[in-house]
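Both of the next two complexes hold chain A, though its partner changes from chain B to chain C.
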Partner chain A sequence: MFDWPSFWESFPVLLSGLGVTVELAVVTMAGSLVVATAMALGRLYGSRPLAMAIGAWTDIWIATPLMIQLYWLYYVMPSFVDLRLPGMLIAILGLLFNNSAFLAEVFRSAIASIRDGQWYAARALGMSETRAFMRVIAPQAFSRALPATANIWVELFKNTSIVSTVAVTDITFKALELRNDTFRTLEVLSALALIYLALGYPQAKLADWLYSRIKVRE
Partner chain B sequence: MNAAANRPKSLNRPPLIEIERLEQSYPGGLRTLRGVSLLAYEGEVVCIIGPSGSGKSTLLRCVNALQPFDAGRIAFDGRQIAHKGAAARTLRRNIGMVFQSFELFPHMNALANIAEGPRSVLGMPKRAAFERARGLLAKVGLAGKESSLPAELSGGQQQRVAIARALAMEPRAMLFDEVTSALDPETVGEVLLVMQQLAGEGMTMLVVTHEMSFARRVADWVVVLEAGEVVEEGPPKQIFDAPTSPRTREFLRHLAPHG
Partner chain C sequence: MAGLVSLIQGNSDLLWDSFLVMLELNAASIAFALVLGIAIGVGRHCGPRLLDYGLGLFVDVIRSIPILVIVVWTFFAFPYFLDLPALPPLAAGVIALGMHSGAYIAEVVRGGMGSVRAGQMQAGLALGMSPMRVIWRVILPQALVRSLPAIGNRVSRNIKDSVLTSTIAVKDLFWAGILLNGELSRPFLIYTTLMVFYFIVTELVSRAFEGVYQRVATLGRA
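Entry: the complex of A and B
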C-alpha cells in the first residue's frame, strides 16, 4: 500500500541533502578537469616512466568499483597511515581519483585523435610545440571531448549517491536515514529515485544535444 | 653541372636552398633518401617528380626541419638548418609549406586561418593580421569567403586558403607537397593557377607534383627522384622531351600511357 503522505513528506528531508550532493559533484568535477588534463598531458608527452605511472594509476581507478575505493580510503587506509580524514574529504578524494581517471582517458584519446598533419601545419608556420598545442590541437580536442565529458558528469552526479556509505550526508544518506526511522522504504526510495531522475534527465539530454551538435560540425 | 649555363635565374649567386647528399631512413630500416643533392636558386620553381614512395615528400619535410635526417646537409640562404628549437622555428617562418591534405585549422574560419601565423608567431596585432589575411584571401581569389569554415569550402578553395596561410608569413620560399593530389579534378586548375601566379611573382618554390603539364609549363628545373635517388635533373624541356635516363623514360611512359 503506497502511502502518499509519507511520499510527499520525504521530499523536504531528502532535499536537505541536495546541497551536499551538488557540492560533491561540482567540486569533484572542477578538480577532475584540472587533474585529468595534467594526467592526459603527462601520459601523452611526459617521460616514459611518468607515462607508465599515470597509466597504472588510471587503470587501478578504472578497474575497481567506486564503492570499494571509498571503503578502502575510509576504512582501510587509516590502518596504513596514521591519518583519519573526515568523510566528506574522503568522499571528494575517492570521487576525484575515480572520475579524473575516466576523464583523463577521454582527454587523452581526444588529443591523440587530432591527426599529425595539424601538428605539421602549425609547426610549419613556425609555432612552438606549446603554441601549436594551445592554438591548434587543444581547441579541436576540447570539442571532441565535450560530449563524453558531459556523460562523465552525468555519471558522476549519480555516483555521488555511493558516498552515503562513508557517512556523508547527501540525499541518498538522508533517504536511508529516513527509511530507517519510518520504515517507509517504498515511499522514501521512490522519492529519492524521482529526485535523481528530475536532476539527471535534463543533464543527460544536454549531453545528447552536445553529441548531435559535434557531429554536425565535423 | 654548369649552373650559369642551364639556370639563368641563378645570376651567379649562391643557391637559396642547397641540399647536399641527404640521407634519411625511418626506424625499421626503410631508407627513403639515399644521398639526394638538389639546388634551388632564388626565384626558381623546382619541380620534383617521381613515382610514389620515392622520398619526395620526406625530402620536402627535411627542408623545413619537420623531419630529421641521418646524414648530409641542408642550407637555407647559406645557413645550415637546425632540426629543433628556436633556429628551426625561425627557418620555418621563412619557408611556407602547403600540404596534400590542406591541414587548415578546422575550428577557425578562412580569415583566422590565414591570420594565425602572423598573430601567433610574428606577434602581429589582431587588426593588422586580419587586414593582411583579407588581402591574401582576395589574392587567391576567395574574397567573400572570409567567415567560411574550412568544412564549408571545396577542396580547391581549402587549398587556396592554405596557400594564403603560408604566404601570410611572407616566406622567402614555398614548399608544395603534392598539393593537388587530394583534389577533385575540376578544382585542380584553380590551385595550379594560383601557384603559377606566385611563380610569376618570383617566389622560390619547391614543388613535389604529379602534374606533369604544370611542371613542363612552370618549372625552371625538374628533378626526377626514384627510390631515394636523383635519377636525372635538368630544364623541363630536356626532362620531358629528351630524357637521358632510361628510368626517367620509364616513369614518364607510365604516367602517359596514351603518349
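Entry: the complex of A and C
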C-alpha cells in the first residue's frame, strides 16, 4: 500500500540534492553557450581541417549514449591523463561535451539559415566582416536559435539525472540512496518523478511557447 | 586490437546474448513507441477536445521526466502501484522506453498530420470516403512520410537511451560491458569499444532513415 508519511518524508531528503542538479545544469549550460558558439563559428568560418575536426568531434558526442560517455570519462580518462578529477567535475565535463555538441548544431544551422543577401547588404553598406556578423547576422540567428536552445536546456536539465550513475549526489542519486535505506521504493521514486515533473513541466511549456511565439522575420 | 579479439573470443556467449537483448529491447520498445505515438497523434489530431487535452497531458508529463527516472519508476514502483507481481527487467525496459519515445513520436505525428492541407480531407470526403478512412488512407500516410526524418531521430535516441536500462539489470551490451570490466579491469578497451559500437549503430540507423526518406519523400508532397 502507498504509505503517505514515507512519501512526504522523502521530499526534504530528495530536495537536498536539488542544489547539485541545478548547479550541474546551470554550469553546463553556461559553458555550453561559449563552447558551442566557438564550435559553430569554427565550423562555418574556420579552415577546412578545423571544420572537419569539429564536425567529427560533434558527431562522436551526439551519436553515443551519455551514460557511456560518463563512464568513459570516469573510468578511462584517469588512465590517460594522470590525474583523478572529482566526480562532480567529470559529470560537468561529460554533460558539457555532450550538450555543447547538440547546441553547436543549433547555432550552426541558425547562422547558416540567414540568407547570403544579408551579408552582401551589410558589406555593401560599408560594414567590416566582423561588424556585419555582430550587428546583422548574429542578432537574427540568435532569435532563430532561441526556441531550440530552450529545448536543449530542458533536455540538459533531465540529462543531469544520469550523473547519479557515477556517484554525483544529485536528486536522482539521493532518491536511489533513500530507496536502499528505507525500502519504500514506490513512495520515494514517485516523489522523485513528481519533483522532476514540477520542475520540468514549466520549462517544457516555456520552450513550446517560444516555438509558437518566435517567428522568423527577415 | 588483439586485446579486443581475445576479449570477444573469451566471452562470446555473454556478448552474443547481451547483443540479442539489446536488439530485442530496442525492436520491442520502438514498435511499441510507433503504435503508441501514432495512436496518440491521431487521437489528438481528430479526436474530441477532451481526448486531445488528456493525451496532451500524458505527453507533457512524459516529456518533463528524465528517461532514467521513468525507467527506474517503471521497474521498481509501477508494479506496486497497481499491485502487480514484479515485472521482468526487460519488460519494464520496453514499457519505459516505449512510453518515452512514443510520447515524442506522438508530437511528431501530430505535427505531420497538421501539415497536410485541409483540401485533402475535403477531397477524400467528396469521393465518398468516411472521415476515419480519409485519415487512415490519405492523411496519415502522407504525415508519416513527412515525419520520417524526425522519427529516425527518435529511433537513434531510443537506442542511446536503452543503455540506461542496465540500471534495472536488463542484461544488454552495456550491462555486459560493466560486468566484464568488473572481472577484467580493462576500462579503456571495454568502454571505448562500446562507444564505437553505439556510434556505428546510431549512424547506420540515421543513414538508413535518411536513405529511405530520400526515396519516398515525393509520396508525402501532395
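Assume the second predicted complex is superposed on the first by the 215 of 218 C-alpha atoms of A that agree within 3 Å, B and C clash if a C-alpha of one lies under 4 Å from a C-alpha of the other, contacts with A are read in each partner's own complex, and residues count from 1 in each chain.
The definition used in the following text is that a residue touches a chain if its C-beta (ideal position, glycine included) is under 8 Å from a C-beta of that chain, and two chains touch if they have at least 3 such contacts.
Since the model is a prediction, treat every value here as computed from it, not as a measurement.
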Which of chain B and chain C A:K205 touches, first, second, both or neither: second
Which of chain B and chain C A:N99 touches, first, second, both or neither: neither
Partner chain in contact with A:T21 - chain B first, chain C second, else both or neither: neither
Contacts of A:L186 with chain B and chain C, given as first, second, both or neither: second
Which partner reaches more residues of chain A (counting touched residues only), chain B or chain C: C
First, second, both or neither for A:A124, with chain B first and chain C second: first
Interface residues of chain A shared between complexes with chain B and chain C: none
Parts of chain C lying in touch with chain A, wherever the complex brings them together: 60-61, 63-70, 72-73, 76-77, 80-81, 156, 159-164, 166-167, 174, 178, 181, 187-188, 191-192, 194-195, 198-199, 202-203, 206
Of chain A, residues touching chain C in the complex: 2, 59-60, 63-69, 71-72, 75-76, 79-80, 154, 158-162, 164-165, 172, 176, 179, 185-186, 189-190, 192-193, 196-197, 199-201, 203-205
Parts of chain B lying in touch with chain A, wherever the complex brings them together: 61, 64, 66, 89-90, 92-93, 95-97, 99, 101, 103-107, 116-117, 120-121, 151, 165-166, 169
Partner chain B, residues of chain A touching it in the complex: 117-118, 120-128, 131, 135-136, 139-140, 143, 217-218
